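This structure is in structure tokens; I'll ask about it shortly.
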Amino acid sequence: MDRLTEYLFPKQVSTFAADIDNLFYFIFYSSIVLFAIVVLGMMYLAVKYRFKKGDEVRLTSSKDHSNILEALFFIVPLILVSITFVWGIKSYLQMIIVPDDAIEIKVTGQSWFWTFDYPDGGTTLNELVVPSNTPIKIVLSSKDVLHSFFIPVMRTKMDCLPNRYNVMWFDAQEEGVYDILCTEYCGTGHSQMGAKVIVMKPAQYEAYVAELGSDDENIPLDELGAKLYTKKACNTCHTLDGSALVGPSYLQTSQMWGQERVFDDGSSTLIDDNYIRSSILEPQTQIVAGYQGVMPTYQGLLNDRELDALIAFLKSLQEDSQI
Amino acid sequence: MSHDNSSPKFLQHHFHDVEQQYETAKLGMWAFILTEVLTFGGLFVAYVVYRSWYPEMFVGANLLLDVNKGLLNTIVLITSSLTMVLAVWAIQKKNQKLSLFMLIATFLFAFMFLGIKYLEYSHKFEVGQLPGEYYSYMGPEIAHLNNPHIFFSIYFIMTGLHGLHVAIGMGLIAWLIYATAKGNLNSEYYTPMEMIGIFWHLVDLIWIYLFPLFYLI
Amino acid sequence: MSEHHITPLKTYLAVAGTLFFLTAVTVWVSYFDFGSFNIIIAMGVATMKASIVALFFMHLLWDDKKNLTMFVMSLMFLGIFITVTLLDTGFRGGVNSEVEYPINNRATFYDSLPLTDTHGHPVDEHSADQHGEDEDHH
Amino acid sequence: MAENQKQNYLTHPKGIMSWLLTLDHKRIGLMYLFGGIIFFFLGGVLALGMRLELAAPGNDFVSNDTYNNMYTLHGAIMIFLFIIPAIPGALGNILLPLMLGAKDVAFPRLNLASFYIYTIGALFVMYTIISGGVDTGWTFYTPYSTTSTSNVIPMTMGIFVIGFSSILTGLNFIATIHKMRIPGLTWYKLPLFVWALYGTSLVQITATPVIAITMVLLILERLLGIGIFDPALGGDPVLYQHFFWFYSHPAVYIMILPAFGIISEIIPVHSRKKVWGYKFIAFSTLSIAFIGFLVWGHHMFTSGQSVFSQIVFSFITYFVGIPTGVKIFSWMLTMYKGQVSFTPPMLYALSFLFLFTIGGLTGIFLGAVALDIHLHDTYFVVAHFHYVMQGGTIIAFLGGLHHWWPKSMGTMYNQTVASICCLGVFLGFNGTFFPQFLLGLRGMPRRYATYDQQFAELHNYSSFWSGILGLSIFISIMNLLWSLRKNNKLDPGTNPWGGMTLEWTHTTSPPHPHNFEEEPVLEHGPYDYDKVIVEPTFKK
């Protein structure tokens, strides 16, 4: 049985998860009964009235209706779907009506990463940090195409629309790190557009939010760059091992430092600090030959020190690989 | 399996009699009208939804349309509907000449409709009241309103599709003129004229709604 | 096909007369401001005109009722399409008010459009040049 | 008479032009069948390619972009070029006039035109594939479809064009069913397949114009930026979804209703028993067709439409379930006190009952808004609609093909091979798609080329069985084609299953070029196995 439930739902973390799972099991067991009636009935009738070898073709029964059975076909499913409908709506209202004391976090989808804006001004990328046992109101929108914000353990999901807000909420009951997935198709990087939700104790959360953005002053540039590489979701499209994903690998760029890079319009330029900087801030102006111009601009998402840090990190890769 | 000699040559082999063929054609035509209504229907939905979202903009933008030209076109189209129905009436009454005259009149009215539409369109093009991104008109009456380009998108698509139907209708009527002049259509067999007539009235019927929606309210 | 119903000429002329009359009425009414009643009156008159065209010019009055059913069905499905879509677009803000309106009610390309006079010409020279460049860009 | 018996629509008249310009509904039907099977094969190859990529978590076989192209084309080809035209266009065309006792459909020239419009649409789709594909998903959601650099315009043009073919077939069938029946063949004496085609045709002519105009608006949105669907220009992407699903939900019934019709024919004939609840089946077809227009919003439960419409759509959705349930019980009870033969068509019909019941019941899960929010756009949905579309429509199509093959081609396939293939299809299908329900519950999103390690085992299992499914379908079609070899003709009087409808009792196999030697006279209802004995005859 454990083995079986392991294949069904993931963990129940939000307050309404259990209710939704119970709704599932209610429909599931009713369906099993209906399904058994159809399949067993079908097998029984087919075998019992089968045409055996040597049987004679004869006139068969003219029975083609039964008022009791027909009434049952209507009434039993009608009762079951009525319960399902009411239960479905009741649970749904609970999922859509946000408690008044909820903390509001803005979530922005962009091809192909998530930005989270906290009430006190901090921002994280691809890592949503929330306090446990506290209602969280998520206000969704998108910068380019449709995305959909899905947290399986919370049993909730909502599309992110460009130029329009959508709202969802949850209240996590258990600390831990859980998956966030994009479920509305959004192009090349759709399957990699994942993020994590980190549920912390409320005190830890307070500390984390207060610290956001302030810890980067004191670490060396290339270490900060390494941190930003995952934190700012560069790793969604650029690898460190030379293999090409959506964009060219950092390692390849690093190894070509100081050499010519050819673009898809036939022009070329030397790879240097300025080139890296402009390709982060204005990615659409020069597109490396063989790749698609799909990278979003990071204008406003990185400060000067952070840009320097990424460049330092990229340069350091070459030295690492030579060792 | 051929029909006996008394059956007319326009009767197709898979029908029993003329009446069945006529009724079938008519039912098919009405099924086609149903699809036409729903094709325009999609655009009506877009109109209703955007009107409900931008009520002031719609009121402001339809003041930019030329009511006189719209009214003139309404009259032209209703008249052409009348001449079309009289063409069918005349051929039923075995008056092929009158029928031919009425068809030619219908054709000319249709041409007139498109001509007036052309004048309207070219004025809109001149002042930059274009659909979508090409919209550039920012006159004092409209500059403060949001997204008038959506109104003009819907206007151009709906009247454009309607104009396309008028043009197709003209092609069909031209063929009717040819067939009537040659005597292929007569009081015994005028099904194509009646079917094209129904199509033509549909074009009129749609304009009856487009006129107030865009020019008046 | 002589057994088909032939409508008297008078009927057709009377129908056309009514159509012209109703057109005049709807234009006349549009010069008065009745608020949202203007829409209702205009649509009511249009529906009267459309019914007359369908019943008389398109012969639905005398035809096999199947054809009428077909036509009414088309209107019914169109009605479903409009009403049910409005159930969404008219009630977006029902529970969470953020959802009701777009974030920006004005498309961004308006920011670069110069003001024009009623002939579509930019109001001042400077922006006229810019405007010209914009058009080349397309 | 002897000479007349040799003459059938396949051999008379002769020559390639006589096929290309034919007005004969049976030949047009065969051309549809031929086209449909080619695209079925193409869509199937794409599906197997996708399963190959998904057999392991990483990008092991193709890149993300290639995968996105593959799943888009798989969906679009299967839906627009195979399932929607295949049953009405092929089986419907061949059988409808025969079942009505008519010499042809109401508008034969329109019928041929609609086949060529289908071909033109198919050419657009082929052009899309050759010139680099399209990666938006078959749903073309804006604003991705308005900004994607792939070939959205030729693909949407193709769908626009194919829409007209579908509309013309629909209006042709409606006029045919109303006006071309022989005297005495009243509505309640019609075979249930005809009722199903009637329901289908009504949906076709009512819903298809809306997809046509939607595609036009989408193309204009790309070309002119009209701002109706593109949020950057003030448009609303959710409105696009309303437009799209106003067609595409009823389109589900364009796909499944003819399958219901086929099953309603196969089960009574092979059980040699009067069909259970004729009027219930007939009217549930029409009520499903109608209710199908009111439920499109259940594809949009996470889109951000108003809470009010969520509730309304969820409520109405359940009303589709009731008539569908009535049908399933009626098919099951038809076997009661009959003489059930386990022929290949009957085996397909029984697997249909099994699979479609799962497909239908899982729809109940998705209709409950709260639960759908978790399941939306996951593999649960993928599994659900494959159980309905493949487990329902395609299984019924294969069943119908096996049932009417001797009638339309005048040959009999190897029944043992056909039965084994049916078993292979059944097992392969369940093996492929059942694990996907579990994947969906775990939260595996659809349209992913790569996925998390936790989903690997079930995906791998699904991929393995998809090979068996593909192979079984391939062999079963080859088995049908192999029967066309020389000297395998059946006697023209053959009625192998003891069918009672006009196409079995009043014409030869394959039928006469004009369907019937002389106009049939109705002697009994379509399923009067309690009144008349029709011996199955099987002669070479």
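Per-chain residue numbering starts at 1, and chain names A, B, C and D are given in the order in which the chains are listed.
As a working rule, contacts are C-beta pairs under 8 Å (C-beta built on N, C-alpha and C of every residue); 3 or more make two chains touch, one makes a residue touch a chain.
Source: prediction; values computed, not measured.
**Q** Decide which interface, A-D or B-D, involves more C-beta pairs in contact, and give its chain pair.
**A** Of B-D and A-D, more C-beta pairs in contact link A-D.
**Q** Measuring from the mean C-alpha position of chain C to the mean C-alpha position of chain D, what distance in angstrom results?
**A** 37
**Q** What whole-Å value do you get for the distance between chain A and chain D if each is reduced to the mean of its CA atoms?
**A** Inter-chain centre distance comes to 33 Å.
**Q** Between chain B and chain C, what is the separation of their C-alpha centroids in Å?
**A** So the centre of chain B lies 14 Å away from the centre of chain C.
**Q** For chain C, jot down the residues that touch at least 2 other chains.
**A** Where chain C meets two or more other chains at a single residue, that happens at 66, 73-74, 77, 81, 85, 89-90, 95, 99, 102, 105-107, 109.
**Q** Among the residues of chain D, which are close enough to touch at least two other chains?
**A** Touching at least two other chains: 178, 206, 210, 227, 231-234, 236, 238-239, 242, 246, 304, 307.
**Q** Multi-chain contacts in chain B: which residues touch at least two other chains?
**A** 23, 27, 31, 34-35, 38, 41-42, 45, 49, 133-134, 146-147, 149
**Q** How do the chains pair up in terms of touching? List each pair.
**A** A-C, A-D, B-C, B-D, C-D
**Q** Mind pulling up the chain D residues that touch chain A in the complex?
**A** On the chain D side, the touching residues are 64-65, 68, 135-137, 141, 143-144, 147-149, 231-232, 234, 236-238, 271-278, 280, 302-304, 307, 310-311, 314-315, 318, 321-322, 325-326, 328-329, 332-342, 350, 353-354, 357-358, 361-362, 364-365, 367-374, 376-378, 438, 441-443, 445-452, 458, 498, 529-533, 535-536.
**Q** Given the complex with chain A, which residues does chain C contribute to the contact?
**A** Residues 95-96, 98-99, 101-104.
**Q** Give the list of chain D residues in touch with chain C in this complex.
**A** 178, 206, 210, 227, 231-234, 236, 238-239, 242, 246, 293-294, 296-297, 304-309, 312
**Q** Please output the residues of chain C touching chain D within their complex, sorted ascending.
**A** Touching chain D: residues 66, 73-74, 77, 80-81, 84-85, 87-95, 99, 102, 105-109 of chain C.
**Q** Show me the residue ranges of chain B that touch chain C in the complex, using the header's touch definition.
**A** 18-19, 22-23, 26-27, 30-31, 33-35, 37-38, 41-42, 44-45, 48-49, 52-53, 67, 71, 74-75, 78-79, 81-82, 84-86, 89, 92-93, 126-129, 133-134, 136-141, 143, 146-147, 149, 187-190, 194, 197-198, 201-202, 204-205, 208-209, 211-213, 216-217
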